[in-house]
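Following this line, the structures themselves.
First chain A sits with chain B, and in the next complex the same chain sits with chain C.
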Partner chain A sequence: MNELRTAGDAILEIKDLVVSYTTLSGKITAVRGVNLSVERGTTQGIVGESGCGKSTLAFAIMGYLDRNGQIESGEILLDGENISDKPRKWMKKIWGKELNIVYQDPSAALNPSIKIGRQIGEVLETHGDSSEKEARDETVEMLRELQISDPEIVADSYPHQLSGGMRQRVCLAMALISRPKLMIMDEPTTNLDVTVEAKILDIIKDLKTEFNTTIIYITHDLGVVYEVSDRSGVMYAGQFVEEGPTEDLIGSPIHPYTRGLLRTVPEVSTETRKGKLQPISGSVVELDSLPQGCKFNPRCPYRQEGCTESEPEFQVLDGDRHVRCFEAEEIIKEDYERKPGGGERMSEEKGGGKKILGAENAKKYFGEAKTRLLSREKVDDRVRAVDDVSFNLDEGNTLGVVGESGCGKSTLARTIIGLEEITDGQITLEDKDISVPIEGRDQEVLRQIRIVFQDPRATLNPKRTIKQAMVRPIKLAGASHNEAVNKAEELLQAVDLGPSYLDRHPDQLSGGQKQRVAIARAFASQPELILCDEPTSSLDVSIQSSIINLLLDLQDDLNTTFMYISHNLAVVSYISDYMAVMYLGRLVEVGPTEDILNPPYHPYTEALLSSISVPNPEVEQKRIRLSGVVPSARNVPSGCRFHTRCPRKIGEICETEEPPTRIAGDDAKHSITCHIPVEELSEVEPVLKK
Partner chain B sequence: MTKFIGKRLINMVITLFIASIIIFTLTEVMPGDVAQMILGQYATPESLEAVRAQLGLDKPAVVRYGDWIWGVLQGDLGTSMSMKGVSISDLLLRRGRNSLFLAAFATIFLVPLSLVVGVIAGLREGSWLDHFISTSSLVALSLPSFISGTFLMLIFAIWLKIVPAMSSIAPGANLFKVFPKLILPIITVSLVLLGYVARMVRASVIDASHSDYARTAVLKGLPYHKVVWHILRNALMPTVTVIAMNLGWLIGGLVIVETLFAYPGLGRLVYVAIQRQDIPLIQASVLLTSAVYLLLNLASDIIYTFLDPRVRY
Partner chain C sequence: MEGFVRRIRGFFEIVRRLSHSPLGMIGLVIILLWVLIAILGPIVAPYSPTAYHPQDRFTGPSLKYPFGTDRFGRDMFSRVLMGSRSVLILASSATALSLFLGSSIGLITGFLGGLVDEVVMRFMDILMSFPALLFAMLILGIFGPSPFGVIVVIGLVYAPRIARVARSAVLEVKQREFIEAAKVRGESNLYIMFVELLPNIWGPLGVEASVRFGYAIFLSASLGFLGLGVQPPTPDWGLLMKEAQQYISWAPWMAVFPALAIASLVVAVNFLADAIRKYEAGEL
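Entry: the complex of A and B
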């Protein structure tokens, strides 16, 4: 072990920690010698892809590993006391009092049948000598501190009555109420909308100053870690490969893996897309078959001969940074280029001008309007998932659709492909009316539109081989069986999978590989249009980038048109030529990607852009936070639907009148639906500035 | 809530109506002739005709169904064919009381025991106690009651002579006084359900203790009994439905057990009625059984809404 940064006041010190799991196929070491020192009142970020050991580390600190997990060696010192070898009975005294954890899914973490107030209050009753009354008062106070506007009501609610963001605040309150020495947060905002995430992150940042809490923040999202943490560590194969002040780590990363991670994620930028994303080659190593020498060497662009022989030490560089790499001294001399690559993409104007997809006043309502039996009163509480949406999409272009969850993005896609029957309006494909559900469409239309869903695990039939899954849509295009098999092989080649994959079953493939198959299958019928509904959301970032590159390459070759739906603004802005911002069933702003990312903005677009976390110290970001959550589509607000949350509401007109759709700027393709005149919208500062 | 119960009651009536049609149709297609049964093998065609006319069997099926259901709606279930002139309502009431007594004791014995056993096994997942409980409940579950009943009779009544083997009691006897006679049938009828419910409870306790919220409770540093409360609060909810369904099943189980132990209950009555082709009696008792089953179901749904805050009407 190299000498560690010996900070004055470390609340947590981890020394040479090794954690392993006993499995049927033998022992697997998930954490392989971790050293870490966290100073009181700071936030330590831990970043890594799935399987890197970050959650194992978190639960090892908590002293709550799975039954088959054990700490092999090393020490965990909490405030100077070694807690790594303490029995559960002892740990019980500090759990909930000095050492707390908040994890990813707040809806699962809260007991569904006990009231919120009780769940928080019992922490105080257990660890202090608070009476039920005192605990209740303190609970309400704590909820108020976390910016919950009706803390009394929330305390009397059950978890299912609250929104996701509210539940996570409740979890934070539950963890904070005993003023713990150390709080571990394991991906606490991962499942939340960006607008909600931004607010939770604000709260977490405030915790430091208000409660002087020490936080270990675990996430896969570099932007988030950059936002909240003072120092960060990047984990790979159960070890830290780089650790240091967050500003330095994100601004000038040294380890090839850190650099790779930063380059592999698309970044929202007001400029047009330059070059391709740079995926990290290969895939995350399996813990049961680690390579010789440096664990990152098979994927490393800087690999030297020595790298495959012995493992590098965690060495100190620059005084305050730790890097596990033989080449660190060399790499640090190089200038770090954030997003390399030429300007080969987007340089030329796209589009032959042929219109592929059109929507005209398309509506999809769920449920039926009813007339009350007795009062003869008309009740229309239909869910207006898609409400009056119109747009055109030209051949070879990509339209990105963004918006918070519940805004109707997925329903729009499902209506276009015919899985949902359109309620009103028209959808056209190459000027042919296809406003009928999928059963009513002819084979040709089925061939022309395909869809790629979010979860590749759920879309491939586990009983069918990849060949069977691929051949059917190819035959739909009129091929014979032999031709279809050949074509399937070709397609797999195109998504970088060899012909040997043809006879495999889906469970023999990794998540990324399955999504490649799903994409190959979508292309199999040579469709004109592919709808992508969050195709990379469940994948690791390094796999995400290769999938995005793949989609773009295929589009280049085949001139396919995409509609790309995602909550991830960075990905959408990277991949799309045009963007549509959706709110409560309506498109509030549509236009070329560049225009969307620069003023004039619709106030909603502006707020979305300012909610995302950008892992780039060179970018300055304006701070706008939306209050509340997306209202129910069963009961949409009058006038402008956004008025209940709009930070730029101008007056009564917003509540009473539907806003007009105006052309914004010189480009007739850019339109904004808002009462505020375009000139005024143009005057705002850009959200993202370099 | 009232609206929900009202709706469910209406549904129940419709279900019962459909059940009545099915029951009637089934008895209609059942082989055998009641008149033949009454008069014996050597009856003349004329006398058979006469008996049929007397019983109203010569009318078309639709008319007979109408007559029957009209009677049922007025609370008149008719008279038994095999037991001449005995009012079915009286018969069902008397036998039903006996069965209810048996079922009630079985429930008192079964529900707490299966809950305790299931919870213990669930909380101690993987321990020898859990293995013991799981295995023995599987055995209890898989033995049909005519086998387990026979064994119990052999051991406790014939070899050990602790309890009587036969449970025949005089009509109108005080059931508490003859209670020892009921012990074997109660245990027998409970055994299968005990195994089933215990296993269900165990499974849902295990499920809940692996949940994130159980982990949250542990990592809040709560004492063990509070963690258990967090688990049981959720784990026992589905059990309510399971128990209600099983009590419905218990009614069916009574046919076998009551026959085996010669206990004069509803189950044995059905058995006898079928043997003797006593169609009105079969119809009435099967209809009663369905009604009880539906009521139990409704009761479980109502209890569920009180337990689970996510279900509110």
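Entry: the complex of A and C
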């Protein structure tokens, strides 16, 4: 093999590492010959879709593979010492002290019944010779370093008393306190809201300068890798296909897979009407049935004859970059086009302006207002999940709803479709009042609205075949059995699944395929309105883009109206004609997508836009960070609900008076609910600049 | 066609995975053996279970009478073999009844929730707080002893336990999105309960039913022992024990063999139940 970059001061060197798992159906090789060298004090990013072996690699380094996993060959050198063959007992001594890992789920990593201070302090007491008092002081100091404003209070709290972002900081503190030589972070921000993620990423970037920590950062998110890491590697089928300085890798990717990944993610862009997303064809290879030759060849647009015969070497290009591709020399000559226009996405002007969905002061509160027995005092601690929401949505358009978790997006959708009973206000469908739960709606109304859920594993009944799942809603609409079967085949065809899928059970389908069936099922009754509740958030990016393209194609053909809910601003801004920004049960800004992404902004929209990670070196991003978390909807702040976190709060008025909703700019469709006058809001610099 | 093939293949897959549990397989073999004996009955039994052999009263186990004879000289071996019929029929019918009652109650209360759930489940709690045997004796005492009564009583006694299991399984499944998708397209509650929900709770129900089957064997034998079930001269394991009671000091074989038969079946059922539980938990 080619000589890898021999860094002057490599803290970790991995040589030809092969890791396999023994399963009932035989041996599966999850990591197939990985070479990596990580320099002291740098951050190495590792990106890849699910099943590419990135977590296995992390566990192999930690010496913490599952019982059925084993290192077949290769070496892992930590500071020059081979740790790949050390027994667990030996590894235990260096865990925490020299090697540490931060996981995706902070609530699973913390013991729920021990106070934070004790949990962190224990790390010091087991490894060092600190006394309890010293450990406590150091813990508080470390929490302060991680920008926790009341470290003493946090140290005396139990994990459940903290927010998700705070817990992840505690995990970081716990991992850092013993000053490990190497820290592995396995998707530490994946479960967090963008605003919180942005802050954690800031902290991780600071760690490098402050503690000179070496970090291996594992994620599926190219934007995040671009944000935090010095060098990055892209994994596919248990190998690195490309590795190099992050700036180069993201700015001018060489390997067809890296290029594909970068093109496939939608990007927030202030330009309107982008081309179609470019999904990578095919799906991620199964580790137990790898193709001959280059493992990426079945999906590769640059495939040549030789690619199917032998595997390419990991060759050095441009001095400091490594690429596993025969065609690399050729590809590098081509100019890399970030987002090639793949045909116009949709017609310029849409819809006949017929109003499909309307909400008027819609409210959904959970719980009941009570009167205290003794004092006769009225207590209203109902959860105001949706509080006074009004909007209109025209036929064939898509309304994207964004906001942090807990802002009421999903409740809004569930109230519209009738899964929750509306507390007050009105919802109309084609000007018909439908403000009743499902039980009170007639069959025609039920036919008109459908919903696509987030979790592909739960969306189909595991005991029923795809045919049964598809035929039932068509029959309910009045078709005979044969008609229904034919229609089901047609619908499956429309979502790129052949008729052979009819007799399968959901467990024989991949996540993306299940979501396709769910979409086909939603279209089965020819509904006017489809509510999409985060339909792609649990899918890999390459599958996400094909699902989004599919939704857009179907919308073009059938003129269906969508309400698309997601925490992912990039996806929403890509798919939507209109956007609504939701905060704590209220819509703070509503308007055409283009207007939302450009000033004037609501301060909350501005902060959201500034929090997302954009994997594009050409884009300049303004940096605004929100403090704290979304307050409880049980006890909403007075005045403007956003005032507790607003970076642009103007004074007392924000705390005492409800802000007015004003038309922003020339477009009457764009409105902002804020005390700051629109003119002043218009004066800010755009968050994203090319 | 593909569905049929899949089902057959699914069955073999279950057997294959159950075979990873040696105890489960031992249990299965013993149960199948008893079922075979019950079916073949007179063919395998050397004598008629009710035939008197006055010259051979109270003889101990011998080649002629492997399990000895009773006070009328009836062959204990034949009586034990034939006794498997009543116990298997009573216990399996009773388990089926409690499975039917329990899963219906659990499905309805779990799915509807609210007041119905509260009232019905509290009533179930009251039923469960009676000792099973006492409750059964009370009912059979009022309506008179009969095999049919035993089935109904055991079915009633174990239904609340199965209802509890079914209800908690329903509570878990009903939050899943495919149930909401069914609601959204306007399915009736009955359709959702029996077509969408029920197939998804067979697993835990099967585990519970197999455990209950073990208990039902025991309870039906107990009721037989108390004379509240099958009436003489029909052989029944519980009844055989009762008959043996007064001669226990000089003809212990009369009690020992029926007892061993009961024990073998109950233990076998428990082995199998444990294997089924492990299968459901994905440990096999």
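Some observations on this one:
The definition used in the following text is that the second predicted complex is superposed on the first by the 686 of 690 C-alpha atoms of A that agree within 3 Å, B and C clash if a C-alpha of one lies under 4 Å from a C-alpha of the other, contacts with A are read in each partner's own complex, and residues count from 1 in each chain.
In the analysis below, a residue touches a chain if its C-beta (ideal position, glycine included) is under 8 Å from a C-beta of that chain, and two chains touch if they have at least 3 such contacts.
These numbers come from a predicted model, not from an experiment.
Of the two partner chains placed by the overlay, only chain B lies in contact with A:114; chain C stays clear of it.
By the touch criterion defined above, A:262 reaches neither chain B nor chain C. Contact with chain C, but none with chain B, is seen for A:419 once the two complexes are overlaid on the shared chain. In the superposed pair of complexes, A:142 makes contact with neither chain B nor chain C. When the two structures are aligned on the shared chain, A:224 is found in touch with neither chain B nor chain C.
By the touch criterion defined above, A:158 lies against chain B but remains apart from chain C after alignment on the C-alpha atoms of chain A. In the superposed pair of complexes, A:97 makes contact with chain B only, with no contact to chain C. In the superposition on chain A, no residue of chain A contacts both chain B and chain C. Per the touch definition, chain A reaches chain C in the complex via residues 417-419, 438, 441, 443, 446-447, 449-451, 453-455, 458-465, 472-473, 476, 503, 505, 518, 521, 525. Across the interface of their complex, chain B is touched by residues 62, 64, 92-97, 100-101, 103, 105, 108-114, 122-123, 126-127, 158, 160, 174 of chain A. Against chain A, the residues of chain C that register as touching in their complex are 2-3, 6, 176-178, 180-181, 183-187, 196, 199-200. Only residues 211-213, 215-223, 226, 230, 233-234, 237, 307-310 of chain B touch chain A when the two sit together in their complex.
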